[in-house]
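Take a look at the structures below.
Same chain, two partners: chain A is paired with chain B first, then with chain C.
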Partner chain A sequence: MSEAWRYFLLLFGAAVVANILLIRFIALCPFFGVSNSLETSLGMSISVIFVMTMATSVSWIAWNYVLEPLGVGEFLYIPTFILVIASLVQFVEMVIKKTSPPLYKAMGIYLPLITTNCAVLAAATESVKPGFFTKLNIAYHYGFVESIVYTIGVAVGFSLVLILFAAMRERLELAPIPKFFRGVPIAFITAAIFSLAFMGFAGMFGL
Partner chain B sequence: MDKEERKRTLRGEFLKGFITTNPLLVLMVGLCSALAISTRVENCIFMGLAVIFVLTCSNVIISLIRNFIPDQVRIPIYIVVIASFVTIVDLTLKTIPPVYERLGVWIPLIVVNCIILARAEGYASSAKVSHAFMDGLGIGLGYTVVLLIMSVFRELFGTGKIVLFNATIIDLHIKAVPVILIMFPGAFITFAMLSALLQWHQARRKPESKEGSG
Partner chain C sequence: MDWSLVWKAAVSLAGFGILLGAILAIASRRFHVEVDPRVEAVLEALPKSNCGACGLPGCEAAAAAVVAGEAPVTICRAGGPDVAAEVGRIMGVEAGPVIPLVAHIHCRGGKSVSPLRSFYQGVNSCRAAQLVGGGKACPFGCLGLQDCAEVCPVNAITFDEEGIRRVNVRKCTGCGLCSDICPRGLIEMVPADARVFVRCKSRYTGKKATGVCKVACTGCRRCEKACPEDAIHVSDGFATIDYEKCTNCGECAAVCPTDSIQVWVPHDEHPEGGEFVVPEKKKPAGKKRERAGNGDGDQGGGEIEE
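Up next is the complex of A and B:
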């Protein structure tokens, strides 16, 4: 299997086959929270792709060059990663505010929310901590590039579903829905059908 | 505040987690873990215990130190407190390999479980220690109860029986089971049903309570 093909499989698998929202149920809170309108979900998606990739790179370096050599990874990885993510989010927020006001205007309000986005911590943990990554049956070495590719895949999968779902929910506002199913329940039923559709990707390319 | 009133408040703090501020159904926080692990009753028992432990302990600690925390750095401090308790749970559960394997990434993810941070920020940071303790216990139990309802429904009808600690508790003896319930869409459907049920319950109760409170 060539390197490029393996990276493609990793990306595709993380984004679609083991979609973080619909197949693995990670990060559902921001999913149902911001999917009310297409515009907010676009802003959220861009911020998530950006922060997630950075968070994984920093966590990977922290794990491989600090925690693992010192032999404290098992005890300290949770506080380390979450602090890395929290401070990174703060840092990114400050940098964007200074350098690009229009981008800050678009991403600003979503950045603090991302700290508690489980997907960021999940991607960081899975791409550095051997043992958690079991969903995709392809050889995986936890190298730096692989971690980044995997994380981008996860983030793209998150964005894809978030945007699709937001578009769907805007239509649902107008649909005649039984009284007690309005609001949250119908959103979950829609998510169930989406999830069913995404299960169809299972087994594609042998993943 | 006299003794009786305080007692009533403590009880109220404890009970509100079940219906009025149920974390899953009303506050809509902590959904991710609830949907993902409710395929088996056994998972839910361990997950519920883990969340109750972390929530109660972090609530108490945050309530104890609430007057010393500078306002600007409160979120990182909360996260460090929560992360320490999650690490305790993580290392404890590691001694039960099959459970640890099944709960997998969900244990470290308790740190970013919105329930715990939301209670720390929204409640424990401005409450008395005893109230924070009761709140943690109540909200944790409310979470566990919904988890158990979902998992009993999903495991019983999705697989036809409930297996708890390697012993079959209930066996329906049916061959054709709706497997979809223990698959991914089943989680969404089950939760949608519970949520609709709650809306129905609230709609039924509303006319009476509206007259009373206005």
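Up next is the complex of A and C:
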């Protein structure tokens, strides 16, 4: 298996086959909370891709250079990751506030919101413990680049589904839906059907 | 028990905490953005509920806008006069009275004056009808479905037998939800003391405008010339009143050839708080005096049945 193909599979698998929202059902709160309108979900998606990638890179370093050598990773990874990711997001927020006000305006309100969003923490955790949330116990460790690629995959999968779903919900607003299903109930039903559809990706390329 | 694990955990977590805290402390110095201290003071005075009624994303943006001079000190609708007074004190200006707003619908082209081009049959919503252009010949007029009435939290929007939406100014709280939802942008939030209204937003001019609606604003600019205060201007084919300049003299309504400018006369006993009248015509004699609108304010079904 060539290197490039391996990275593609990693990316594709993280984004679509094991989609964080529809297959693993992590981060359902922003999934239903932000998907009201296409505009906010776009802003959210960009911020999530940005924050997740950064979060994983620092978590990977914290895990591989501090927690694992000290042997405390097994029970200390959640507080450490939250601490590291929250500080990093704060830091980056300060930097872009100073250096790029337009970027800050575009992402500003989402950055603190998703600091340690469950999706961000899940991506960080899975990038150091592959298969953790699927209870697969894969005895394999991602290298730094691999973990970044994996996280970008997760974030892209998140964004893809969030944007698709927001577009869908904007249409549902106008659809003749029975009164009792309006709003969140129909969104959950739609999400379930979406999820069924995404299960069809399992098995692609023999994954 | 392995005590080394305990101190390792404590040291690593404390180490992370101290290190990251230090980095953040240095960064907050290095990347400090000079913020006007008044922004924080104003933010302190605002309700901080981030309701968004001011049209800005949250109270912080509102505070920044106030300090930058882009927004009036009375920007916070949720806070009311108290907050406005406090913000005014911080900014060193008199807040003045918070002028309440009411919704005004810029269309009066009912069934009898504005013909239908086609029959719209579909989702009973203006936003949906707008996607296919609606059924009315006038592409700018009120679609007469129920989006604004549905979104109104106080049921202030009703519709008359002409199929045109009306605002009950007694009930209207000026929240602006209807203004946001109207797909044709016909609903404007106007000061509650405004009396003269252009009741049309047709971008068509002249014959083209009257061809699709008998009471359309033709963009003739007579009102512009009649206005002593330079408060009314024709742009995009229809007249718009600047309520900061308007003195409610009604001169424009008196010269309007299609009666699309009308004067709102408040009546205390009136169920809707008043009604539109057309003042005595000045120049073009022979225009019959007409009373537009009625006051029964029925709540009927919500669809134009043709």
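By our rule, the second predicted complex is superposed on the first by the 195 of 207 C-alpha atoms of A that agree within 3 Å, B and C clash if a C-alpha of one lies under 4 Å from a C-alpha of the other, contacts with A are read in each partner's own complex, and residues count from 1 in each chain.
We take it that a contact is a pair of C-beta atoms (placed from the backbone, for glycine too) under 8 Å apart; a residue touches a chain by one contact, two chains touch by 3 or more.
From a predicted model like this one, the values you see are computed outputs, not experimental measurements.
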TODO: Please indicate which partner A:61 is in contact with in the superposed arrangement: first for chain B, second for chain C, both, or neither.
DONE: neither
- [ ] Using the touch definition from the top, say if A:176 reaches chain B (first), chain C (second), both or neither.
- [x] second
Open item on the list: With both complexes overlaid on chain A, does A:204 touch chain B (first), chain C (second), both or neither?
Closed with: neither
TODO: Answer with first, second, both or neither: which of chain B and chain C does A:95 touch in the superposed model?
DONE: second
TODO: Please name the chain, chain B or chain C, that touches the greater number of residues in chain A.
DONE: B
- [ ] Would you sort A:79 into first (chain B), second (chain C), both or neither based on which partner it touches?
- [x] both
Task: Contacts of A:125 with chain B and chain C, given as first, second, both or neither - done: first
Task: Contact residues of chain A, present in both the chain B and the chain C interface - done: 75-76, 79, 83, 87
Task: Residue ranges of chain C touching chain A (in the complex, touch as defined) - done: 5, 8-9, 12-13, 15-17, 20-21, 23-24, 27-28, 31-33, 57-58, 123, 125, 127-128
TODO: Under the touch definition given earlier, write down the residues of chain A that touch chain C in their complex.
DONE: 62, 66-67, 70-72, 75-76, 79-80, 83-84, 87, 90-91, 94-95, 97-99, 109, 174-176
Open item on the list: Can you tell me which positions in chain B touch chain A when the two form their complex?
Closed with: 28-33, 35-36, 75-76, 79-80, 83-84, 86-87, 90-91, 104-105, 108-109, 111-114, 117, 180, 183-189, 191-193, 195-197, 199-200, 203
Task: For the chain A and chain B complex, residues of the former touching the latter - done: 22-29, 32-33, 74-79, 81-83, 86-87, 115-118, 120-122, 125-126, 132, 134, 179-189, 191-193, 195-196, 198-199
